[in-house]
C-alpha cells in the first residue's frame, strides 16, 4: 500500500508531557509515526520536535487530525507546521551572473535530489536566461536600480505570490533584498554567503581571506533577515587552502563549497528538517 | 531539583504504535522524556529508539516502572536495555606496548569526558604499568603464550567479573582474544583497528597503505566478534596522506586518528547511544 | 610581457647533483624557473621533480633547449616529459548513462577550470548525446557487446588517434576497457571508482558499503591499468555516512564525491602535476 | 654513512636565476640536495625556497659554506636562515591551568614526534607543576599581576635567554604578553587561539560560537605579534558542531582541535617549514 507522508514540526516552551501528548494524538487517529526526533535547549527552555508519519490508515479525515493537533498545540503553547509530502514546495531561484549554484540546483532537481517544484528563476541580468531554457524553467528578468528598487521588489513579491512560491533561494544573487521582501518571506529565503560567517562578512570575502592568509576557506548557507549576513545559519563547510592558492584558486575552491553547502541547506528545508529560534537553527538531519 | 537520568534503548520488529506506547508508559509513571531519537530500517524491518528521561518526579518506585517497561517490551517483542546514570559503567582497558590510546583515554577520563569508572588496566606486557600508576588505576599483568592462552583468558574473564566490568576497551591490544572471551562480553568489547576497514584488514595496515599509495589513511572502532576485524563498526575517520609521507609519518598520523576514533566510540557506548543489529550499528549521536 | 610557460617532469634513480644539473641547464639557456618541487622515495631510491618555467626570454630556440634537456636526461638515466602550455591537452570523455561527472567536467571546462580542449565525448549509449549538444562537444556513439568488443575498441583507438587525444577520462563509463586500449593510452586513462579503494573493489560498492555499515563512503580516481580497480591512485576523498542513510542516500552522497575527486585528478593531470611509479603516484599539488 | 642534515630557508624579491644560484652553491661545495620546495607570490613579488640537504660529503668546512651562502644572499637581497639538524631547537612551553595542550606536547615529544629539546615549562599558576614533574621537565612559576607585569616579563626574557630558548609555545597560556616580550622573540612565539580566526577574536569564543549557532568550530595556531589575535596564521582546522552541542560539548571538541592544530604548527616550525611575510605564512608541508 502506498504511504501518505506528512511532517509535523513543533517548537514550544519545554515542559513535561509534550512527547507523550504528540505521540498520542497522532497515534490515536491512526497515523503511524515513522521517524521522531527531538531536541531541548535547556538554556533557552525551548523544546523542538520533528515527527514524520504515514497517514494511509488514518481513521479520520485530515481536517479532524488537524483540529486535534491544533488542540494539543494550544494546550502547550506550540508554534508548529504540519506539511504534506503530496504537496511539494514551490521554489523560486534568484540569480545574477554566476551560474554554478544555479546549474547545481537544476541538475540536482533533475536527478531527483530535491523534493520540490521549480516555479521560476528570477534575475537582475539577462545572462542566465539560456540556462533556464535548457532546463525548461520559466525565467523572469527583473531589472533594478537604486531608484526603482522598492517598486521592483513589490512587483517581485506579487510575482512570487502569483506563482505560489514557498521558498526563495538566493543562488549567488548579487543584490541586497529590502526589509519588505525579507519580511514577506520570513524564514523562507535561503542565501549562500561565500565565506565562513562570521569571518569576512560583507563583500569580496575571498580577497579578504587571501589577505589574511587563512588556511581554510568556508561558505555559509543561512536564512536571509533584515540584517545582512546575520540570519540563522543552516549549514557551513570549509576546504583547505594554502599559500599556493591565488585569489582565483580560492574562488574556484569556493564555487565547489558554495554549491554543496547551499544544496544541503535547500534539501533540509524542503524536507522540513529546519527549525529557527533565537537567530539560530535546529537541523534534524 | 536534581535530575535522576535514565536511558531506555529499544530494538524490535517495526510496527505501528511503538513510539506512542513507549511515550505513554514512561510519561504515565511520571518520567519526563528529555530526549528521544528513533530510527527504522525498512529493509530489515527493524525499529530502534533511544529515550533519555528524568525520574526525579517518578510516581512509583523503579521496580514498578521496570515491570511496566517489561510489559510493553513483551507486547512488541522488544530487546531493550534500561540504564541508570547513577550507576556509571565500569571499564577495563587492555593494552600492550603502544601507549597513545591509553594516555588519551586516561586524560579524557581525568577531564570528565568519559562517564565511567576505570576499574583496571590489563596488559600482556609490564611496560605501561608506570602509566597506570601515574593515573592511579590498578594494573594487572596477564602474560600469555600459545600454550596458556585459553587458561589465561579464563582467568581474565574471572578477573573482570570480580571487578564488575561492563566494558572492555582494546586500546591497541596486540593479542587476538578467543571466542570464549568475546562471547562472554558480547557487544561489550570495543577494538580500535588501525585502518579504514574493510580496506587493509589484518596486520601492518600502514605498510599496506604505503605500498598501495592511498591518499587517505583511516582508523575504525568496532565491537570485537569471533571473526577478527569484522565486527560491527561504531566509528571511522580518515586523514589525508600523500607521497611525502613515509611509513613513519603514516604511523604518526594514524596515532592521532586512532585516539579520536576510539575515544568517540567509547564515549557513545558509555552514553548508551549505540545499538547493534545485522553486524552493524545505529549510533544516536 | 607575456609568459611562455612550460613544465618539465622528471623521474630517475636518486643520486647527487640532479637538482643542480636541471636548474643549471634551464637557467643556462635563459629559462626562468617559476616553480620547482621535488620528492625522493628513499625506499625505492627514486627521484622526482616538477619544474615550471617561463621561456619568453629563452636565449636559444626550443629545439636547442630540448637537446640540452635530453643530454642531461641521458646522463642521469631520466624518464621525463617536457610540456608546453601553449599546446593544451586534448581530452576524450567516455560516458554511459550517468550524467553527473559529465556535466561536472563540462561546466568546469566552461568555467575555465580545466586547461584542455574537449575533443569528443564517446558513449556506449545514446542517452547523453543531448548533453554533449548543449555544450557543443562532438558525440560519438560506440555500441559494444561481448562479440564485437575487441573490434569496437580498435575503432575507438583509431577515432581517438584521429582526434589527437592525449587523455581519456572515464566519467562513470560502465564498460571494462581491454588491455589493448589501456596499453595504447598507458598512463593517460583516468577512471573514477565509486568507492574508497581498496575497500569494496568491484561492482555495486554503495550496496557493499551499506551492508557493511561503514561510517564513511569514499571515491577514488586512478589511472586505468590492465588489472581492473588496481591502477595508481591519483586522488581519494570520503564523506560521512550513518545508519540514517539508505542506499539511495549513499548513491546521492557518492555522486558529489565522484564529481570532485575525478575533477581534481583530471585537473592535476592536465597541469602536469602527476608522476607514476611502482603503481602509485607523486602529485605535486 | 650517517647523514648530516641542514635546512636553508630563503625569501627575497623574485627575479630570475635564484633557483639555479642556490642549487649551484650548495652542490658546488658537495652538499647533496634532498628536498627542495619553492613558492613565488606574484602579487607581492616575493620568492621563497626551502632546501634540505646532506652535508656528510661536504668538500669544505661549514664556515666556508656559510660564507658562500652569505655571498649569494647578499647578491639577491635574501633574508635566510641556515639550520643544522644536529642542533635541535630549545623550546619553552607557557601554560596556565588548562592541561590538554601541555600533555599533548609532552606526549608527542616523548613519542619522538617533535624534533626539539624541552628546555622548561613556565606558568603563572602552580597547578601544572605536577605534570611537568611526571615528564621530567623543569617548571618555573612566574606570578604576574597588573603592577609587576612589565618586570615579570623582563625576568622571563632573561630566564628564557639563560636557557637558550629558540621557541616559545603558548599552550593555552591565559595572559597577554607585552610588546617587549613579543618583540624579543619575534617570529618565535606560537600561540593557539581557540577559534577559527578571524571569527570570534577575543575572549570566550566557544560561547560566542554557541550564541551565533555556527555549524563548525575551529582553532588557529599563529605567531604572536604585538596585536593580539592578529599574527600570521600557521594552521587552522575545524570540527562540525550542531544544535545538539552544549557549550561544554563545544569546549570538549575544541580541546581536541586545539591540540592537533597547535602540534602541527609547532612541528612545522621545528622542521623549519614556515616562512613569514606580509603577516601571513608560507608552509612547506
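Letters A, B, C and D mark the chains as written, and numbering starts fresh at 1 in each.
Definition applied: a residue touches a chain if its C-beta (ideal position, glycine included) is under 8 Å from a C-beta of that chain, and two chains touch if they have at least 3 such contacts.
All values reported here derive from a predicted model rather than from experimental measurement.
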Report the chain whose mean Cα position is at the greatest distance from that of subunit D. A
Centre distance in Å when subunit B and subunit C are each reduced to the mean of their C-alpha atoms: 42
Taking each chain's centre as the mean of its CA atoms, how far is subunit A from subunit C in angstrom? 37
Residue numbers in subunit C touching 2 or more other chains? 39, 244, 285
If you connect every pair of chains that touch, what shape comes out? Choose line, ring, star, complete or other. complete
Contact set on subunit A toward subunit B in their complex: 16-17, 19-20, 23-24, 26-28, 32-40, 57
Contact set on subunit A toward subunit D in their complex: 39, 41-42, 196-200, 212-216, 218, 232-238, 242-244, 246, 278-283, 285
Provide the residue numbers of subunit B that touch subunit D in the complex, in ascending order. 100, 103, 107, 111, 113, 134, 244, 252, 255-256, 260, 285
